[in-house]
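Same chain, two partners: subunit A is paired with subunit B first, then with subunit C.
Here is the complex of A and B:
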């Protein structure tokens, strides 16, 4: 089982990738949600605070009131997603990752994954 | 999971569920149900259909509590069976609803063509309707839950008031208002009328897509039952009132009214005319507003939900990539919205040229019952396949109740199309065609889409 420190390290790595991406910054400049990440197999809780198209804070535990809550089946999955080893979209679409929040916000969250994990044609 | 800033209440979920189903085409379907029943007994078929839907809602309640996702029916079928079954059936269900939006637009246009005789043709109103809804969805303008509550309440009050006014004014046209198996009827006809009356509730289960916006799962179950009860009161009363006020032959368009107009595609217009008598202008303004609100809310709900579904399918590589395009400012799946509006407009144009708008009530009723059947099967299969999975809500009396549901919904599906009406046969042909197209898509197109698209690593 991964420790909170390891998952936090991944979350901070994820923050850098998002914040370094000009497209994400431009597209989501007016989106300021608080996002909780949780896992089913542990008590690990991470809060990402977004403002001005950037992740302004990554914190351990629940901080503030969330706009979106994302529940991963395992801590491993959450960490893999932060490190870019796991594309969350198929898991979300098959009901393995659960999201609570307004559907328009869920689409914006998906937009981030679409930008930082782009598809390529053969 | 933790709580959120914005959550929907059971009342908002019920209003959304009822809003999906408040369509102008539903009044045509209510008349078709009345026509299948003897005397003034159509309301009994509506009541029985409501009970069927409440039973089905128990299955959707269990499934949405296990998988609270906006992908809804697709996830349930995929978890219980496999993706090869989930994709064509859920997509066929969605596209049947989109094609029925074409029929709704046709009825909407027919109403305004009659209300404004010197105005533009039917096509103007059809295109106007889709332009309004397409624009609302393109720019991501949301109908807030407060506005949706108000719209549903307005339609509820208007329809209930005019129905009660008609019953008071015209009394009961037929002696038989209580015996669905009375003279000139049969058990088969009664079951067929119940099956068709399912159309009146079509969409109540779409609120499972709102699972992600609720704090507790019981909100969805209570919301579904609330929506069914609202619709039951409205359509049972309206059924009774329509038949009391206007001859069935006029409502169904088999005969023209005394003004020489055929009201087959707009029975509520002649209904309001006879209720308001010399004050008909007030009633007709009301009916215009009602048709506009009913069509716009059901179009809007239809395009909003189906465009997100299509977007999700594209993201999952089961639909072409262009359908996952998001607007850079409004974050709306604009390519999916435009495509769906184009499909619905094409459906309207075909209906205008070939006729058969009233067959879509049968196509949608059949696809609804097919979904109830599949939902009950999913409950049975998942209880065996994943017995330890957390179930915040459970269908009471399983497995006997769910086995009975599977048998009953299977029978009901057959009965939707068992009537001699030609609309029923065309409705079945439409549904089969859509299912076959989606099976072909799954077998031939999806493997190509998937092999063509792969993810870049970070």
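Here is the complex of A and C:
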């Protein structure tokens, strides 16, 4: 199990990657959700606040009213998603990742990961 | 089980994503629905890598008669010997024949028609005529509705996923919860041109209103001199066990009805806007206000006329009802087996949906059914629900296959 510092570092690195990406900033300009990330194996809670196509804040704990709550099985899974090492959708479909919120928001989150980590050429 | 696509399919998928959208392809791939259709017949289609899919959706009614129904194929082949789309400035016997056949099925004096290519276009025209005929701007639709993707039709929608990037939409559109007469009463004013509803809302997991709802809606429309538009694009043409879904609400005659999707049995894009005689008078003063070079195609009319002959055959609708009841029996069994996963079901004829307890249930069920070789679709305005609307020609054996697949999918989700 990772520590809160390690998971937070992942979230902040993810923020940097997202905010550096011109395409994300342009395409998700109108998407302003508050997203909670949680894990089943820990009490770690992280809030990402998106605004104007950027992650405006990464906070420890629950901050504000969430539009989307994503519950990962482990802190390692959550961190892997922040570094593009885990495609969360198959785990979501298998029920390992639980989501509370709109399907369209899940797709937008998936779109961000696709933009910042484009699928590799064979 | 997911299998690796062949090299040929991989290459085509890559090119397809580039041409038609990476994210759409990615989502369909996650669901196990990155299918390149090759063979298509009856209730089945085959992926280029050989996987057979049983169609439990009919593309919401487009394939009511299954794929390439032999009677429709023959009618089209015959039509192709002498016809094309037709010159839309001229008259057309094929168009007239289809209108005559439709008029025999429609309630009251809905006897006048305009044919177009898609349901969205047909809804747009219904709203244009309502506004023009009443000289009022207001349009009221259901909060849970879906009526199409074009300007006026899109403006009836309240789901932000469909409308949010495109605002502001057409003004003077408002929404009320479906089935709530007092909410509608409060929303109607002297500015209301029309109220537009489906008889039962498919996109929200089959919402069926109370029996007296539409007679109440009719009375409110009459009291306010507003028009009642009924969108039968999904519910019409036999889907609910009656030719039109509104027939389930006795004595209700809409002012305008809209049909599409299955109208030409999946062989040619066709839709219809159908008017009461008095409402069609609007075209006396604006005969050329709405026109499309490719609408009301002669070939499409040939296919649609053949389709109507099929659904008008004796026993066709009673078979739809019998098969719908078989599906509902299976749903009740599933509800008993999976009480924590399944919440409820809706069913009228073969217009059905299952509602799961979880808001991601429809999406996940979509995936597990695809693994089982069954194609259904989550309800986009209520993602806890999955729509099961198989072709009306489905056999008992195929219904049982869908039920077995649902059982296995629910077991995996459990």
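We adopt the following convention: the second predicted complex is superposed on the first by the 120 of 122 C-alpha atoms of A that agree within 3 Å, B and C clash if a C-alpha of one lies under 4 Å from a C-alpha of the other, contacts with A are read in each partner's own complex, and residues count from 1 in each chain.
Everything that follows uses one rule, which is that contacts are C-beta pairs under 8 Å (C-beta built on N, C-alpha and C of every residue); 3 or more make two chains touch, one makes a residue touch a chain.
Here the structure is a predicted model, which is why all the values come from computation and not from measurement.
Participant: Quick check on the subunit A-based superposition: subunit B and subunit C, clash or fit?
Facilitator: clash
Participant: Scan A:95 for contacts with subunit B and subunit C and give back first, second, both or neither.
Facilitator: So A:95 meets both subunit B and subunit C here.
Participant: Is A:43 contacted by the first partner subunit B, the second partner subunit C, both or neither?
Facilitator: In the superposition, A:43 contacts neither subunit B nor subunit C.
Participant: Pick one for A:5: touches subunit B only (first), subunit C only (second), both, or neither.
Facilitator: neither
Participant: Between subunit B and subunit C, point out the one touching more subunit A residues.
Facilitator: Larger number of subunit A residues touched: B.
Participant: Touching A:116 in the superposition: subunit B (first), subunit C (second), both, neither?
Facilitator: first
Participant: Have a look at where A:65 lands relative to subunit B and subunit C in the superposition and call it first, second, both or neither.
Facilitator: In the superposition, A:65 touches subunit B alone.
Participant: Using the superposition on chain A described above, determine whether A:84 touches subunit B (first), subunit C (second), both, or neither.
Facilitator: first
Participant: Of the candidate stretches 19-27, 37-45 or 181-189, which in subunit B collides with subunit C after aligning the structures?
Facilitator: 19-27
Participant: Kindly list the residues of subunit A that each of subunit B and subunit C touches, one partner per complex.
Facilitator: Of subunit A, residues 89-90, 92-93, 95, 98-104, 106-107, 110-111, 114, 122 contact subunit B in one complex and subunit C in the other.
Participant: Would you pull the subunit B residues touching subunit A in the complex into a rising list?
Facilitator: Spelled out, the residues of subunit B in touch with subunit A are 1-6, 67-71, 75, 78-79, 140, 142, 209-210, 212-213, 308, 311-312, 315-316, 321, 324, 326, 328, 331-333, 451-458.
Participant: Could you list, by residue number, the parts of subunit C that touch subunit A in their complex?
Facilitator: Going by the criterion above, the answer is residues 10, 22-23, 26-27, 30-31, 160-161, 164-165, 359-360, 363-364, 367-368, 378, 380, 383, 413.
Participant: Going by the contact rule at the top, pick out the subunit A residues touching subunit B in the complex.
Facilitator: For subunit A paired with subunit B, touching residues are 17, 27, 36, 38, 62, 65-69, 71, 83-84, 87, 89-90, 92-95, 98-104, 106-108, 110-111, 114, 116-122.
Participant: What residues of subunit A sit close enough to touch subunit C in their complex?
Facilitator: So the residues of subunit A touching subunit C come out as 30, 89-90, 92-93, 95, 98-104, 106-107, 110-111, 114, 122.
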